[in-house]
Structure formats: structure tokens, C-alpha cells
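Labels for the chains are A, B and C, by order of writing; each one numbers its residues from 1.
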Amino acid sequence: MITQLLINSLVAGSIYALIALAMNLIYKASEIPNFAQGEMSMFSTYITFLLLTTFGYPFSIALTGTLLFAFLLGFIFEFLFIRRAKEPNLLGFIIITLGFQLVLFGLAGWKFGSDQRTFSLPFSETEILIRTESFVLTEHNLASIIIAIFVMAGLYILLNHTKLGLAMRASQQNVKAAKFNGIPTDRILGISFGISSVVGAIAGILVAPVATLDPTMMWDPLIKGFAAAVLGSLESLPGAVIGGLLLGLVENLFGYYVSLEFKSIVAFGIIMLVLFVRPSGLFQKHYIRKV
Amino acid sequence: MKLKKEYFEDVKFFRNRASAFWAMVLILTLVSFPFLFKTYYLSILNLMALNVIVALGLNILVGNTGQISLGHAGFVAIGAYTTAFLLQVGIPFVFTLILAGLITALVGAFLGIPSLRLEGPYLAIVTLGFGLAVMVIIGRMDVFGGRMGMSIPRIKLGWTGLKYDEALYYVFLLITIFMIFFAQNILKSRIGRAFSAIRDSDIAASVIGINLSYYKTLSFAISAFFAGIAGCLWALYLQFLTPGAFTLMMSVLSLATVVLGGLGSVTGSVLGAVVMTFLNLQLDKIVDLPVIGDLISGFSNAFMNPSGIANIKWVLTGLILIAVILFEPLGINGLWIRVKRYWRLWPF
Amino acid sequence: MTFLKVKNISKSFGGVKAVQDLSFEVHKGEIYSIIGPNGAGKSTVFNCINGLYKTDSGDIYMDEQKLTNFRPEQVAAAGIARTFQNLELFSHMSTLDNLLLGRHLKMKASIFQIAALNFRKSQAAREEVEHRRKCEEIIDFLELEAYRNLPVLSLPYGVQKLVELGRALALEPKLLLLDEPAAGLNNEERQDMIFWIKDIRDELGISLVVIEHNIQLVKDISDRLLAINFGQKITEGTVDEVLDHEEVITAYLGEPETDQKMR
């Protein structure tokens, strides 16, 4: 049983980690918590659905199309709205992301109807790969874990071993200095939003078969992803991954040993607990403003 | 050379006779409303009243204290369910109302505790989680009918000699007017100033003697108190409660209301709530408008799913929200101040 | 007579030892100045006295009362007010509101009394009126009449500095800490500031501790002087003693810009 729990934790944790990563990519670049992120993933997932089911493209094309769409969605969001904020402050930015969330939510409901649709991927959540005495492993389980690892590795390489990654990290650390050194910081921010949106879209595609596709499908995963991000600190990418895995584990253990009913609010409990002990997450030092 | 000054001048609710006059006109209109219009409109006004009260409280927290809450639906729900429970047990309405406010305030104070240590985004996340958690917990509690919901008994208004709907309307009106005065007085007092001080510079605030923990908690409690009162009225308004009535969207829309109306001002909260409620009811009828309506339904038929057209209200609300931040960060109140300057002393 | 007593305080940030084992005493009715090059730890001393930073070790006393580990609002209640090096105003609020906030501790109306603020005779309204009167006195004292109802973010820098000073005075403190009161002021404004600082001591009887880079101002106002560098005391004494001290001169020679102000 414990093996099964670990598998479930790992799967859930991988997905949370992806959402948390998407969150942190933007937060690190702009200090904006992107509340539109859930809806952005949801909308991108609908695009996969559209390409796959309505247009009947093979999965590879549908996936490529989706990721392209997701990138543009993030980039355009930054370009059209975030960049144009008049008196940028945290509340203003949060409102903009919430506004965008409403727009996408409405568009999805308008275009796709608010009824739930089913969704089939090459890796099914019912096909069982391995079945033993103590656990079962489905295709979807394995795919989630592998894809998450791929995305993480990809991000690592992108940020640490490419010119773009260098520019991204430079503008995260000091926008003025980066600009001074000829880095187009605005465009870099747009690209960060794009990449974040792609990571979010992948998470959405992985969530959809389990949660069924409808405009509210990301509400719950989003808060979990957020919890994961907070757990590991909004400023740290490895923190996001560890936070995600930790949350998956705690949630599943809680669900099994304590109460299945209240499993879904464990995330909230964890956020409260962590923030109470360490107000900036587990992997970040609290900062005192200098006066 | 010292000019003699009337210090009470700044403290008064109405700065001059013109504004007092217009407020009287407005109140008289509202009082005579049931005799002029159909009951359907009363229910719209009731809805506006509810939203005004939520907005007043949320604005004190967000606009004045500079904290963020994405979980206000949770507070409203607590007020509503407290009311449902107390009314069913047979507690008189007046006590129920006050208790709904106070119990919600208590929960608000508890949620305020993490806010003592948390900065913006982290607080936003905690409150978001709170709003969702409240609904999960209420949905699992048998006293509250779980997912099935529970019905709210009517309150005793027979003694007024009015029809129930009309009497209820006056109850809403009275409570709303009181809450508006209350909010305004809070903001004009030392407490309101302390809130705004925390928003502008928490360091300076603590150095002049403001206890940050106490006032942040108080701000949460007051904000929740307003939401609790509104929740009580929600229960009466809906007559039947299900956990599904208090979603994340409700929290987001409350925040939208405050931003649209104007952060940090009572007038803003009132205007925002009135406009937002109106938009919410009217936006899905947008297809009935002459030219724009045809365009939209044409677009909808060609590219979208015509049956989902009600969702256009979310799209437009979202766009309005973004537009406010991009073009008029002070919201409707910003516009209103300009208009008011122009009309200041009319008709005196 | 000793009034403020700072005893062996230390404070470090990670590896940076901002203040090391520093002690000094301020007497009642005195204007005491602290000088030192940039990053010497002057502001940190204020922040420690204030309770904004928790000291790593050492103690702070005022009037025999131990202030160590007090929170900022407790320090304020003990009678210490301050201004900041880079203005910490309530910038969206009016000058009057900023001053009224200085009266916060002296006002007592509770949330329940406030509900009756509309009534002229209510406790809350009478209190409000009384404290407004007090603030008007400060507005007169600092000649801020013209800016009374304007949001402070729209005021010129020099005026903002005065508003901050006024807010500190509104607390009716026993001790006032001024962090670089003349920084960013032009010559004329600086002369006015010197005048006000003296007035605050002479007319209001408030003791002051002043951090300042401008040597002319320091010479003009100070009764005694403390020079620090790298968080440690170099020397302490009368203005002439300290400014002629060899180590003080070398400490400042490292910094050409301040050096010019010295001589």
C-alpha cells in the first residue's frame, strides 16, 4: 500500500511542481503572482482538445500547436496588459491577472460550453502498465512523472546553459543593470511569461484526463500549485519542485491515514503552517527593509 | 492673524449642505421606491445593498490597509451559514444579524494573524486558500445540510404591516445606510488613519506608535464583520443556501467591485457595488442591444458556441477590470471626484 | 544627568557588523550628534534604539527604563520619536492627517465610540477636535499652513522633511532622533532647519540625537558629538575635540566628498 501511496504522491507532486514552476518563473521575473495561470493552462488544454478531437490531428501536432499557442498567450498577455500598467504596484498587477483570468474563463465557457468533456491522450489513465500485489501503475502515472522530469530538465538547461537563460537570470537579478548591458528586459519578461504559460499548459494537459475538461478544472490544481510554490518559496525554482513533491506526499498520506474528505484542504493547512514558521517559504530568507 | 477654524468641520459626515441635501434626496427616493416600482426591482436593489456592504468592508482592508484578500466569499459564507443556523434554532433576527457579524469578525481576526508576517503575494495566496477551504468544510458539515444545502426561515416582519418583500427591502436599506455611516466614521477616525498609515509605510506607522499586529488584525476583523453582515442578508435574500453559492468567482468579483469603484473610499465602494451589480445583471442581455448586440451575436454564432453566450459577462467584467487599472487606477470614484468638483454647491 | 543610555550594543547583518559594542549616553536637554562616513552604522543605531532592529546584544535605557527588545510602538510610547534618512511619510495622506497620526497614541476612541463620530457631542468627536487643535499648533510652529490639506506626495522635498519633523513632534516626545535632517535641503532650508532644531530643544524642551553629514550644521547645533566608523566608537566629546581627532580626520579622508564638508 505504501508503494501505491508513494506513486500517487509522486504523480500528484509532479503536476503540482509544474504549476509551481510556472508560477515561480513569472514571480522571479516580475514579482507578480499570476492568478490567471490556472485559466491560461485551462484554455491551452482546450486548444489541445480542439486540435485533437474537433480537427482530428494526431497528438504530436496537437501538442505542438498547443505549446505554441500557450507561449503566444503568455507573451501577448505580458505585452498587452502587464507592460501597460500605469502605476504598477502589487495590487494593480494582481487585479490585472485576475481580470485576464475572468476573460479566459468567460471565453472558454462561451466557446466550449461549460459542460464537461472527456479527453483522450496517448497515455490513458485506465491502461495499466504494471500491476503487482501492492500497487498499480497506469500509463498516465508514468507519463506524468516522465514528462515532469523532462520539463524540469529542459528548464534547467534553458536557464543555465543558453544565452536566453542567462539574459533571463540577469534581468531577474537586476533589471536596471541588465538593461544597461543591452539586454532587452521587456522582451525577456514577455518570453518568461510565454515559457511559464507553456509549462502551465503541460500541467493542464496532464490534469485534464483526471479532472475532466471544463472551465473550472484548474481552480483546485492552481491552489495546490500555489501552495507548492509557497512551500518552497516563490523565488526559488528548485524550491517549487521540492514544494510540489512534498505537498503531493503530505496530501496523499493525509488522505489515506487521516481523512479522505478533507484531503483537499490540506494544501491550505500547509500554506498556513509553513508561512507561520517561515513567512517567505522554506527556501528563502526573510528580508528586512533598510531605512 | 490666525483664522478661526471649525475643527468639527472635517469630522462631519457631510462636508456641506449640498451633499447633505443630495443624500436626503437619494434616501427619500429609496424609501418611496416600493410604492413606485415592481417587486422585481426591489430584489435588484437588495442585491446592490448586499454588494455595497461587502465592498465597504473589503475596501477598508484592501484600499485603506493595503492588505489583500482573495477569500472574501469565505467570510460571506460564514455570515450566511451562521444566520441560517441561528434562525433555524429560533434566535430573533436582530441578534442573529449581530452574531453573524461578530462571529465572522472573529474568524477574520484569526485569518488576520498570518497577515502580520506576510507580504502581498503570500497573503493573497493564504486568503485564496481560505476561501476555498471554507466551502469545502461547510459542504461537509451535516448541520449545514452538506452539499444539499439548507433553507432559511423567513424572519418576522408581519408587525410592520407591509408585504414581506417590501419589509425586507426596508431592512436591507436601513442596515446598508448604517453600514455606510459606520465605514465612513471608521475611516475618519484614528483607527482608519492607522489603517492608511500601515498601507503607506508600515515602518513609519510602527515608529509613531501604531501596533501593526493589532491594527492589521483589526482591519481583517472589521472587513470580515462587514462581510458577515452581508452574508446574513445574503441568507435572507437567497432563502436557500448551498456551498456552491460562494465560489472563488464571488471573491474575485468583490475585489473587482472595489477596484472598479475606487480603492480607499467609501463612495468608491458604493458606486462600485451599484455599477457592478447592474453590469452583472445586464451584461448577459447585451445581445438585445441594437447595433452592438447584433455584432456580438453574429460573432457568437460564427465563431463561438451560441449557447454559452451568457459567459460574455465574465469576458467583459475582466476587460473592465484590466481597463480600470490601465487607465483610471482610482476607478469610478476618480471620475466622480471631478464631476463633484463641478457640481459642488448646486443648488445652494 | 543621563537620559538615554546605550550600553554595548551590537548588530550584524549576515557577515556585516553594522554596529559593534557601542556605548554612549545622552543627557537631558542636550543636542547630541552622531557623525561617521557612509555605512558607518549610524542609522542602524537609531533603528536599534527604535526597536525596528533587534539588537544582537547590549542594552538600551531611557530615564532608567530598560528599552531593550521593545517593539517600535512601545518605544514610541516610552517617549522617543524619530525621522528617517529617506523620508517615511504617509504619502497619500494630507499634511494634517500625517500630523494627526503622530497623535495616535494620545487618542483613545474605541471602535464602538467611533460609530458615533457624527455627533458633535460624542466622546470620539470631541477627542478628534481636541487633537486637531494640537496639530494646528504644530502647523503654525513649522509654518506649514499652506500645505495643510494637500497630500504630502505632492509637496516639495524640503516641505516633506518638515512634515516628517512635525509628525514626530506631534507625539510630544521626550527624545527626538533625527536621521540626516538636512540631507537634500538647499542652503536656506538648512538654515531654517538649524533654527527649528534649536527651537525644539529651547522652546519645547525636547532632547535630540542628530545624525548628520553636514559639518556646519553639526557645529552649529551640537552640545556633544560622537564619531563612529565600522560600527565602533572612534571618539566622543565636544565638537572641537571630536572634529580635531586624528582618527576622525582619517576616517573622513577616505571619503573625498564628506571631507570637503569637514573643513
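The working rule: a contact is a pair of C-beta atoms (placed from the backbone, for glycine too) under 8 Å apart; a residue touches a chain by one contact, two chains touch by 3 or more.
Just so it is clear, the model here is predicted, and its values are computed rather than measured.
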Touch-based graph of the chains, sorted into line, ring, star, complete or other: complete
Top chain pair, ranked by number of contacting C-beta pairs: A-B
Centrality ranking, top chain (CA atoms only): B
Centroid distance [mean C-alpha coordinates] between subunit C and subunit B, Å: 41
Between subunit A and subunit C, centroid-to-centroid distance (C-alpha), Å: 48
Whole-Å gap between the CA centroids of subunit A and subunit B: 32
Junction residues of subunit C - those touching two or more other chains: 52, 84, 88
Of all residues in subunit A, the ones touching two or more other chains: 291
Sites on subunit B at which at least two other chains make contact: 203
Subunit C contact footprint on subunit A (complex, rising order): 288, 291
Residues of subunit A that touch subunit B when the two form their complex: 27, 31, 33, 35, 81, 84-87, 90-92, 94-96, 98-114, 219-220, 223, 226-227, 230, 234, 261-262, 264-265, 267-269, 271-272, 275-276, 279-281, 289, 291
Parts of subunit C lying in touch with subunit A, wherever the complex brings them together: 43, 47, 52-53, 84-86, 88
Subunit C to subunit B touching residues, read off their complex: 50-52, 71-73, 75-77, 81-82, 84, 88-93, 96-97, 100-105, 107, 109, 111, 114-118, 120, 124-125, 128-129, 132-133, 136, 140, 167-168, 171
Subunit C contact footprint on subunit B (complex, rising order): 2, 5, 7-8, 10-13, 181-182, 185-186, 188-191, 193-194, 196-197, 199-201, 203-212, 218, 222, 264
